[in-house]
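You will see two complexes here that share chain A, one where it goes with chain B and one where it goes with chain C.
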Partner chain A sequence: MVDFLIGLFLASLIVALFTTRLFRLLLWYSMNSLMLGILALSIGNSIDDKAMIITGIMTIVIKAIGIPFVLKNLSQKFHFVRQIIPEIKVQYAIMLVPAILVFTFYLSEPITHMIHTNANYVAISISSLFLSLLLMMEHKNVAPKIVGFLSMENALFLLGITATNGMPMLVELGIFFDLLMAIVVINLLFHKEELKV
Partner chain B sequence: MIIYLLSIFMLVLIAPLLLSYIKAMKMVLLFKRPVSILQGYRDFSKLMHKETILSEETSAITIYAPFLVLSPLIIVMFFLPPLVQGSYYVSFVDAFTITGLISLSTFFLMLLGLDSASAFGGMGSSREAFISALVEPAMILTIFSVSLMAGNLGVGQAGVNLAEHFPKEHMASFLFAGISFFILLVAENGRIPIDNPETHLELTMVHEAMTLDLTGIYLAIIEAAASIKFVIFASLFASLFMPFGLEFSALVAFLIFIVKLFFIASIVALLEVNTAKLRLFKIPNLLGLAIVFAFLSLITFYVLGA
Partner chain C sequence: MNLTLLLLPAIIMFIVSFLKNEKVKYLLAFTSFVILVPIIELFLVPKPYNVFGSYLIADKLDTYVLLVSSIVGIGVTLALLTLDKHVKVSPKAYRKFYRFFAIFWIGLIFSILSNHMGIYWIGLELATLSTVYMIKTNYTPAAHKEAWNYMIVGAIAVSLILFGVILMYASAKPILGEEAMQFDLLLAHAKEIPSPFLFEMGFAISTIGMFVKMGFFPMNLWLANIERASFYPVAALFSGILESAVVVGFFRFSKIAMEVNYNHLFIFVFVYTILTIFIVSFLIFRAKDFMRLFSLSGVEHMALIVIFWVSGAPFAALLHFGAHAFLKPALFLSTGVLESRGKYRIAGALRGYKGKRGQLFWILVSLFLLAIISLPPSPMFFSELYGFGAMISTAKESDHMLAMIGAILFLLALLSIIFYRFVSIYQSMKYEGKVEEKTVYASELFALVIFAVSLMALLLPASLSYLKSIA
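The block that comes next holds the complex of A and B.
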């Protein structure tokens, strides 16, 4: 079950790399976060960790529903360009994505000796970190860069819940607070972007 | 042996029903009055009675090609994984054979399009060549990665192995292979994001452009081949990616399989209603995604074992 959810997490991230529409990108980000939330819920349920279940519910509410909704409203309010063509051509992205994955799978091999349970989840988390970096790199507009930033946070969260069976509750709440602050800052950026145009 | 032959016969018989079901379901979703789901059989019998007219420019290829389009697909039907436990099946046929036979059928379809000597036929053939060249590598990779997970390169044996022992530990790569194969199912059968099977507009058609000049019995054969192709892909999807329900008695297992086929058809219909057709030069993006997922499924299986 955990493998299946991690597969869906990575799949939604890869599909997000190839989308050319902003709202579709937000949908895939929301799917990505939803899978992460369900993953946190199922892992929390299996190791009987109340804090992890709370984090899972918060992930679904804030990241899967709240942030995409706010971003959609903001981009409608400020009339953003909704057609986002990746700067990296699809032909190169097709070669680049598997190359990144193979590279990170071998890159994380030394780490996997230290972690005894589910070593390959570390590899998938690090590769999704790189893929979100690629998502930030391949767009020029502000909105997809923000989605890339947010999915980078998702990848770190995945690393946290799979490799170490959950960070302390306080740290996770702090991260959520950071995210909300980031959204406020992004709002200011959007204002500035509108002034420029 | 008798179950084997009977199940192939039933699958061929059910083939036009599935395509009519997709059409009817789309019309229901668009709030139109649906066509009867028996429309496929009616069209077939109508075309069988109609007069067959050949264009003056055509050569002998037009007379032979429709049969050569249909026959490789009929051969592939014999190589599919078994629908019922204990039934006879061909175990040694691998991904290359199945993909090769399907592309042989596509090759004769392209020849048929060129042979009509109309501008549309050549255009349709070149588009079909463009799409099928992108489909084949992804299809071979996908079926190979599923076969590796099942522990046997033969497609029929892989289906049986998956039904007996589902690879729970390889769930992630199984999922990637499933996504890739579904994109291929849509692409190879000319459903909406790739090709619209209902229009006769010159800019949008791929499959229809090649069969535009055909009439009567030849058109009936080509339409039967199109529906059999859909059944092949749908039943490969059903037995490789939804491998359950084989352990019941023969009749129940067969009914479960039919339900799975209709489930796949419903998903295709939902997808068709909800998406717009892609521009021709955007198609490599979608099929590139299929190749990425197929490759990803292989490397997650090899490197991570997940």
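The block that comes next holds the complex of A and C.
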């Protein structure tokens, strides 16, 4: 089950890299967050960690539903350009994504020997981090860059769940708070600048 | 009680920022001094002192950094009173600047006092996000672009720090459980960490995040561009408070990393900082305006602080840190006056001051400019003497003595380029260009006087012995 969810997590991020429409990108971000939330619920349930279950529920509510909804509203309010063509051509991106995956598995090999629980997942979270960075780099528009930044938070969250079996609750709450603050700041940044987006 | 008093000026600022009365900002200049009361109290109590359970603990290092950053906060609050006299700022943007400055200050107080890697990161992220809007208060396309730039690059840097924190936490969790987030416990059990490689990898990633935030290689220009585009108090806050919080994090992480494997840490930081200074020295040589010049010089000094710290000269690093934290905000705040006749007019910038205020202003700015290039009796002169001495001692004990001595000589050659550029700029400011009258306001002059007095206080025997006791 966990393998399946992690596979879907990675797949939704890879599909997001090739998306050329903004709302579709938000949908894939939402899917990515949903998989992460279910994963947290699943791991939390198996190790009987209530804090992780709460985190999983919060992830689904805030990241899978709340943030995509807010971003969609923002995009309508400020008339974002909805056609988002990546700067890197598809044929090159198709080669780049597996290269990143292979590279990160190689890079994280010494680490995976040291973490006995969910060892390969650490490699996947590192690759998700690189893929999110790629998402930020391959677009000139601001909206996909924001989604890239949010996906990066998801990659870190995945690392927190898999490498450490969950971070302390206080830290998880702090990260959520900062994420909400980021959305507030992003909203403020768009104000009165709609023509330049 | 102590924590409430520490946060009080920032909380008052946050509340006052919602009031539309423009005169109310004068109240903030007085309330900002309240922060000194709990800090003096912290100096008097035996340390380590638990400010908030085991999450926020004030030790000697924290108390010193908190004092330095609070003085900068007070100075910036004073200088902010005359911001609208030097730049065009709408009343709404002005109020929002105060609001986000308050959030920024709260975040960094938490970061500086934290004994917990998670809280440290949360405070830093809060400060990063609030800075984005402070940059945006300047309603120009350049500031808008740089605010987005900061949002993205700052977020990447902070994410790298969190990524490293998670790896470090994972490396120590088998022996410490959830308490593996606490700096003091990690330091006490550093040698027992079951997977040192994992810790070192986490440390390296976190350090790269912190170095990016301070404008180190390869992101040397991003901070300078942002500071150029935003209002000058933002640059003062960056150099005096934000960088203090980042560097205190580096001190804490590196203390643990020193216990894990000192050689790996030293080589990594040594190469990284020399590379940074190599690039920055040439960028300084080409700088054509005050903001970029001071910003790039800030990167150079942060690199020196880091290299002194890992070379086994924490006293030199802390003295250099304190001097830089007072000098750089003072210089940034004075750009409001220096650039009042045009952004790129270096020639004649120190001419045209009349009256006692004007005289005192140009004398102070001249002293700050000469102190930043380590001319005696600047505290930076002494810190560099101690720092380079420690580097040579480390070189003597290493297996690659000649290579390291060569690197130190190379570093000195790079610093001489920066020295030459600053002296040439000072001469141009004082002896070239037209005499154009410039106005100096009492509040900003008072801020500069506070920085000058603090700088002199750093050289008092009591201050030096306190710094030695931290080391």
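Just so we're on the same page, the second predicted complex is superposed on the first by the 193 of 197 C-alpha atoms of A that agree within 3 Å, B and C clash if a C-alpha of one lies under 4 Å from a C-alpha of the other, contacts with A are read in each partner's own complex, and residues count from 1 in each chain.
One rule holds for everything that comes next: a residue touches a chain if its C-beta (ideal position, glycine included) is under 8 Å from a C-beta of that chain, and two chains touch if they have at least 3 such contacts.
Treat the numbers as computed from the prediction; the structure is a model and nothing was measured.
Bringing the complexes onto one copy of chain A puts chain B beside chain C with no clash. Of the two partner chains placed around the shared chain by superposition, chain B is the only one that A:V102 touches, whereas chain C remains out of contact. After overlaying the two complexes on the shared chain, residue contacts for A:V142 are found with chain C alone; chain B is out of touch. Comparing chain C and chain B on the residues of chain A they touch gives the larger count to C. Once the two complexes are laid over each other on the shared chain, residue contacts for A:L8 go to chain B alone; chain C is not touched.
Shared-chain residue A:I186: touches chain C; no touch with chain B. By the touch criterion stated above, A:F18 is placed in contact with chain B alone, chain C being left untouched. Contact with chain C, but none with chain B, is seen for A:P110 once the two complexes are overlaid on the shared chain.
With both structures placed on the common chain, the touch criterion links A:L129 to chain C but leaves chain B unconnected.
Closest CA pair between chain B and chain C after superposition: 19 Å apart.
In the superposition on the C-alpha atoms of chain A, no part of chain A is touched by chain B in one complex and by chain C in the other.
Listing the residues of chain A that touch chain C in their complex gives 110-111, 114-115, 129, 133, 136, 142, 145, 149, 152-153, 156, 159-160, 163-165, 167-168, 170-171, 174-175, 177-178, 181-182, 185-186, 188-189, 192-193, 196.
Of all residues in chain A, only 1, 3-4, 6-8, 10-11, 14-15, 18, 90-91, 93-94, 97-98, 101-102, 105-106, 120, 123-124 touch chain B in the complex they form. Residue ranges of chain C in contact with chain A, taken from their complex: 55, 116, 118-119, 121-122, 125-126, 129-130, 132-133, 136, 139, 141, 144, 147-148, 151-152, 155-156, 159, 162-163, 166-167, 169-171, 173, 178, 181, 194-195, 197-198, 201.
Residues 168-176, 179, 284-285, 288-289, 291-293, 295-296, 299-300, 303-306 of chain B are the ones touching chain A in the complex.
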